[in-house]
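Next come two complexes, and both contain chain A; in the first it sits with chain B, in the second with chain C.
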Partner chain A sequence: MKSLKKNFQELLKYPSAVVGLILVLVLVAISIYAMVTIPYNEAIILWRGGEDQWYRNPKYALPKWVNYFRKDKLPESIALSTIDHPEYKTVETNEDGSAIITIEIPFEYNYEILPVDLMIRFTSNFQEKAPFISVSWIRPDGEKIRIKNLSISPKQDYRVSQDKDLQKKLGGNKIEVGLFTDYKNDPKTIEKGKYTLKIEGATFEKDSDFDAEFIAYGKVAGLGGTDHLRRDLIVALLWGAPIALAFGLLAAVGTTLTQMIIAALGTWFGGWVDILIQRITEINLVLPFLPILIMIGTFYSRSIWVILTAVIILNIFGTGIKTFRAVFMQTKETPYIEAARAYGASNTRIIFSYMVPRILPMLIPQFIILIPSYVFLEASLAVLGLGDPTLPTWGKVIDEARANGALFQGWYYWVIEPSILLMLTGLAFAMLGFSLDRIFNPRLREM
Partner chain B sequence: MEKEKLLRIEDLVLHFSTTHGAVQAVDGVEFSLDYNKAVVILGESGCGKSSLAKAILRLLPRNIAKYSGKIYLGDTDIMLLSDETFRQDVRWVMLSMVPQAAMNALNPVIKVGDQVAEPAIIHLGVKKDEAMRMAKEMFQRVGVPEDFLSRYPFELSGGMRQRVAIAMALVTLPSLIILDEPTSALDLLTQANIFNVLKRIKQELGTSYILITHDIATSSELADDVAIMYAGQIIETSDAMRFFTEPLHPYSKLLMASVPRLRADADPIFITGQPPSLISLSSGCRFAPRCPSRFDKCDQDPPTADVGGRKIKCWLFS
Partner chain C sequence: MAQANPSIPLGGGVEEVKKKSKIDSNNTLVRVAKYTGLRIITLGITVIIGIYLTILIANMGGYVDEIRRAQIREDVGARVAGNPTMRNLPAEVKRQKIAEMVAIEEKRYGMDQPFITRSARYLGNAIQLNLGYALKMNSNSGSKLVRNILLERLPPTLLLFATADIILFFISLFFALALSRQYGSFFDKVLITLTPLSSAPGWFYGIFLILIFASMLKILPFGGMVDAPPPKTPFLYFLSLMKHMILPVLSLAISKIFIQVFSWRTFFLIYSSEDYVDMAKAKGLTSRDIERRYILRPTLPTIITSFALLIIGIWTGGPILETIFNWPGLGRTFYQAIGQFDTPVIIGEAVIFSYLLAATVFLLDIIYAIVDPRVKIGGESSSI
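So, the complex of A and B:
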């Protein structure tokens, strides 16, 4: 315990170790935060649940925080629903059960930039005769534009921006231009102020009712921006951390520990045990690692657990066996091992309390440095299309960005965010590992 | 048969196989040792002294070509025991060892107290705190302060480490301890100290020693008997008293004459030639090529002659 504390204090003498340690702690904090605020099941639903989860988000939107760095603020999405705001809705019921329902959704629009898309989502209930509604748009100066008359189904999305009739009515301009600017003049400047979306409707049955939700999709959304399925990337960015760390840690633990034990057994018992282990290692070293994983992913399963197991198994008989063996060969011949043999220590005792502790100072830094390499491996597999299809991971985000041409389209945030997190992970563990190496293997300090 | 010996070795053979041929490191060694006595095995470097120790303790490398003979410890032939029985019942129970370069014989990552206690835990089946108590007692015996128990080997001086290694050999109170060059790499004062410790322990605990060394001067401090080893064989065994005053074998004579003396005028002399390679040994007396009193018979293997209780393997005495 005391020596642990001493080692820790020595670690703090290296600025790189402090930075690395802080970064690792930040990553761990992110992981814990992700797991607490978005429980696993919820995260899976959010990530795989389809458009219904995210219909209020625009596609390919930048993250919200980019507005802090811009003079002309990008519009955020506006989503106003009569379910959340019953005060928008007035109902006049007639004696025969039919009703006139008036919905007025007011909102302020003060951006210099137009929204990208407008949509109204209607939900209604009726037996036979659908409600009939008429939608109109009231601008800050009071000008009223009739948008559409339609009878609505139980659940209907009316995509205002795609309405060709409306476009004609607005002089052939894009719908957003027509609705938000004085499009008859040039240059077309955006009118700021209070807009109102007015929906007047009639229901024809008793208990028949409808609600409306107006969405003006902006250009920024969420803390991570959004992808082609309107998902907020922050879910994947947050959840990527625990998955990456768990994968890296498990793979690193699984391979190094088994490698160390196998190498120790081989060296200690020697003879055919050693020969067998060495030949297996040499054969395994020439087997192509990635193609085997690709085959497993293609033909068998892409579950992260299957891939993890395959990675561990393929890496056990790796170069580590050779390195550890070299050290163990030296250790085996030291006088104190012979002394231990002489006083009758059993094989297990010699291996586990004499040989293995000797290699720990070498192993711990290596182990720390190994973690990010497995994190990168997981990301690379995801980019190759072998990521676990259910899990939100950093690699999957990059893969989807690539598949949707994010870099051609200029959606840099989509690639950069997960990449930065990956780089930070690598940097954190590398800095920590190299500092640990200097503490545990003091001879490196001279170099 | 006369009274029972503590250790009796008959025709012990240990050959190693190498790419150049078999190394006859121990080739037909015979000697015996009484209770509470110390035998010094003297010889040049590379004559098989350490291999003899390893052969007795069965600490064998992998390239064994031949390993045979009889080793009676009390009345059991320990050569007949299985490896596991040997490990559990012989090593450190009847027979322990202070290895060569004992300074490095301590595990650098374990506290010395724990290391000394470990044989007791393994072999006597005692609890950890009882074993630590025993370790403490042994530390007192060998003259290491008690607070060194919780130190690591690198915090100890060479002499202290040597004492710790001796304490480790003693902790299970075996009747025989093999000391393989226990004081090489130590200065003279420390050597003398350690030999005093060994002498005291011999008196107090009745332990026997096999002391393997090439240092004739210091070994005479402790020796009751002397065995001279040359090229894998023991060529002279004698009680120390008579040996140091009058060595009989020509090699022993030259060996003794090569030791510088404080009060005598004679310059130390050299033995011409090299000790033979243990791989290609000619038949006949192995010392013959370097022997000043060589004659015709020396081409044949000499028998062991008994000269007043001293055993000499030389044609001059038979």
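So, the complex of A and C:
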């Protein structure tokens, strides 16, 4: 206990160890936060849910926080629904059950930049005769523009920005330009202030009703930006942390422990056991590690647990054995082992109670240095398209970004965010591990 | 490579050792040749085990059998279509005939035999890369044979990785020597601080480099091997190739160089604290001589061992690096094969990577044997 405390105090003398330790703690905190705020099942639904979960987000939008660093603020999305705001809707029912429904959705627009896309989503219920509606747009100066008359189906998305007739009406300008600027003059400046989207509709049956949701897609959305499926990347960025840490830790624990035990067995029993282990290690070194993992991924299962098991099995006879063996060879000859032998200690007792503890100072740094390589291995597999199909991981975000041409199109946030998190994870454990190595193995420190 | 150069000075710098090594140097050729032979055999066995394992994994789901069956059906179909007497038979009879022929062929290929015999047969085929036809992919020359596809993509891969490895070796060596001379200096500390950067693989830095140099600055290509269309003259072709190689090589270098320089510098420091180095200093030899003959020389075997491990690591990351940079080599083909679920190509890739790894180890083994006079057949230090 005392030596542990001493080692810890020594650790604090190394700046890189302190930085590494802080980063590890931050990552653990992110993981806990992710698991608490977005429970596993919810995260999977959010990530795999598709358009229904995320239709309020624009595609390829930058994260919201970029506005803190910009002079000309990018517009956020506006999504206003009569379901959330019943006060927008007034209903006048006639005696025969038909009704006149008026919806007025007011909103402020004070950005210098136009929204990307406009959409109205209608939901309605009726038996036979669909409600008929007329949509119009009232600008801050009171000018009213008729947008469209249409009869609506139970669930209908009216994409305002793609309406060719409206475009003609607005003098051939882009819809957003026509609706938000005084497009008849040059230069076209955005009119700031209170806009109103007015929807007047008639229903023709008793209990027939409709609701509307107006969405003006902006250029920023969510804390992580959005991808090609309108998903907020923050889900994957947060959940990537516990997955990466779990995979890295379990793989590192699994491989170092098995390697250490096998090295101990080999040195202790010597003879043909040792030779066999040595030869298997040499064969294992030349085995194509990644291609075998790829085959397992393509032919059997992409589940992260299957891959994890395969990684551990393929690394049982990894190169670590050689390092451990060298230390065990020295330990084997030490007097206290001889003493243990003399009083008749069993093989298991000598190996696990006397030899293994001796190697721990060597084991711990190596184990920590190994973690990043497994974190990156998981990301590598994801980049090859072999990531776990259900889990949101950093590697998969990078893969999707690449596959959708994020680098060509300049959607840098999409690549940089997961990459920075990966980098931080790698650096955190590597910095900590290298410093621990220098503390526990002072022979190197003297160099 | 097998021909050792007897003029390479062997042994350390101390006089006795030097004398001894002169006697030994006549035997260098014999020694290296013997050693080479033994290593070929052991590595051959290793490769065979590796390929057999590949087959076992691939065939746990019956994929190799499926490929074989598909190939037989295709062959039989082609033969029936090419045979005028059979072509005109009624459809029903023809189908039956084909089924019979397929059954005969399957028996001929031993499909009805137990797995152990079948797998031995597959092993023989796989060793020769005789993996039949790709399901969807084909080589640039139009062939669908897996072997042709893979052999066609081999040279770009070798070109890229050999260049990167060689550059990495010499740059690391240079910096490691330079830093071991000024242990504890500012640059030494910078290096130690930067070492953790090596925890990320090459492809990871590749993404950043593409982002900076191709996407933002637009001065280097996003990927590929040469411009499209390829330049006409060999010189321009070479220049274009160089331009496309900068980023992949650089990303490998960034990812590996710090840890490599760090560990080599440590080796040099260990060796430079030996007594014979002090002795040489006392004799008044120039530091250049001391470095070359008394520090670098005895460290070389250790360095080569660590370099072998490095190259094996680089091979492992190869497919992803090539994919990121769209380099038309084995790795990107692997990625495409995964995407198209082209099983024969996937298995072929695993086999060819076994070969590449073994060849790498073999090559370095030979170099090791040449530079380390202690290596004897069956010697303890013989294995990398």
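The rule is simple: the second predicted complex is superposed on the first by the 447 of 447 C-alpha atoms of A that agree within 3 Å, B and C clash if a C-alpha of one lies under 4 Å from a C-alpha of the other, contacts with A are read in each partner's own complex, and residues count from 1 in each chain.
In this text, a residue touches a chain if its C-beta (ideal position, glycine included) is under 8 Å from a C-beta of that chain, and two chains touch if they have at least 3 such contacts.
All of these numbers come straight from a predicted model, not from anything done at the bench.
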Identify the partner contact of A:Gly344: answer first if only chain B is touched, second if only chain C is, both if each is, neither if none is.
first
After superposition on the shared chain, which partner residues are touched by A:Gln127: those of chain B (first), chain C (second), both, or neither?
neither
Taking the superposition as given, does A:Thr298 touch the first partner, chain B, the second, chain C, both, or neither?
second
For A:Thr37 in the superposed arrangement: first (chain B), second (chain C), both or neither?
neither
Where does A:Thr189 make contact in the superposed view: on chain B (first), on chain C (second), on both, or on neither?
neither
Answer with first, second, both or neither: which of chain B and chain C does A:Thr102 touch in the superposed model?
neither
State whether chain B or chain C is in contact with more residues of chain A in the superposed arrangement.
C
After overlaying the two complexes on chain A, where does the chain B footprint on chain A coincide with the chain C footprint?
none
Residues of chain B that touch chain A when the two form their complex
57, 59, 62, 87-88, 91-93, 96-97, 99-102, 104-110, 118-119, 122-123, 165, 168-169
Enumerate the contact residues on chain A facing chain C in the complex.
16, 20, 278, 282-283, 285-292, 294-300, 319, 369, 372-373, 376, 379-380, 383-386, 398, 402, 407-408, 410, 412, 415-416, 419, 422-423, 426-427, 429-431, 434, 444, 447
Give every residue of chain C touching chain A within the complex, in rising order.
42-43, 46-47, 49-50, 53-54, 57-58, 60-61, 63, 183, 192-193, 195-201, 203-204, 207-208, 210-211, 214-215, 222, 266, 269-270, 309, 312, 315-317, 319-320, 323-324, 334-335, 338-339, 341, 343, 346-347, 349-350, 353-354, 357-358, 361, 383
For a test of understanding, state which residues of chain A touch chain B in their complex under the given definition.
270-271, 334-336, 338-346, 349, 353-354, 357-358
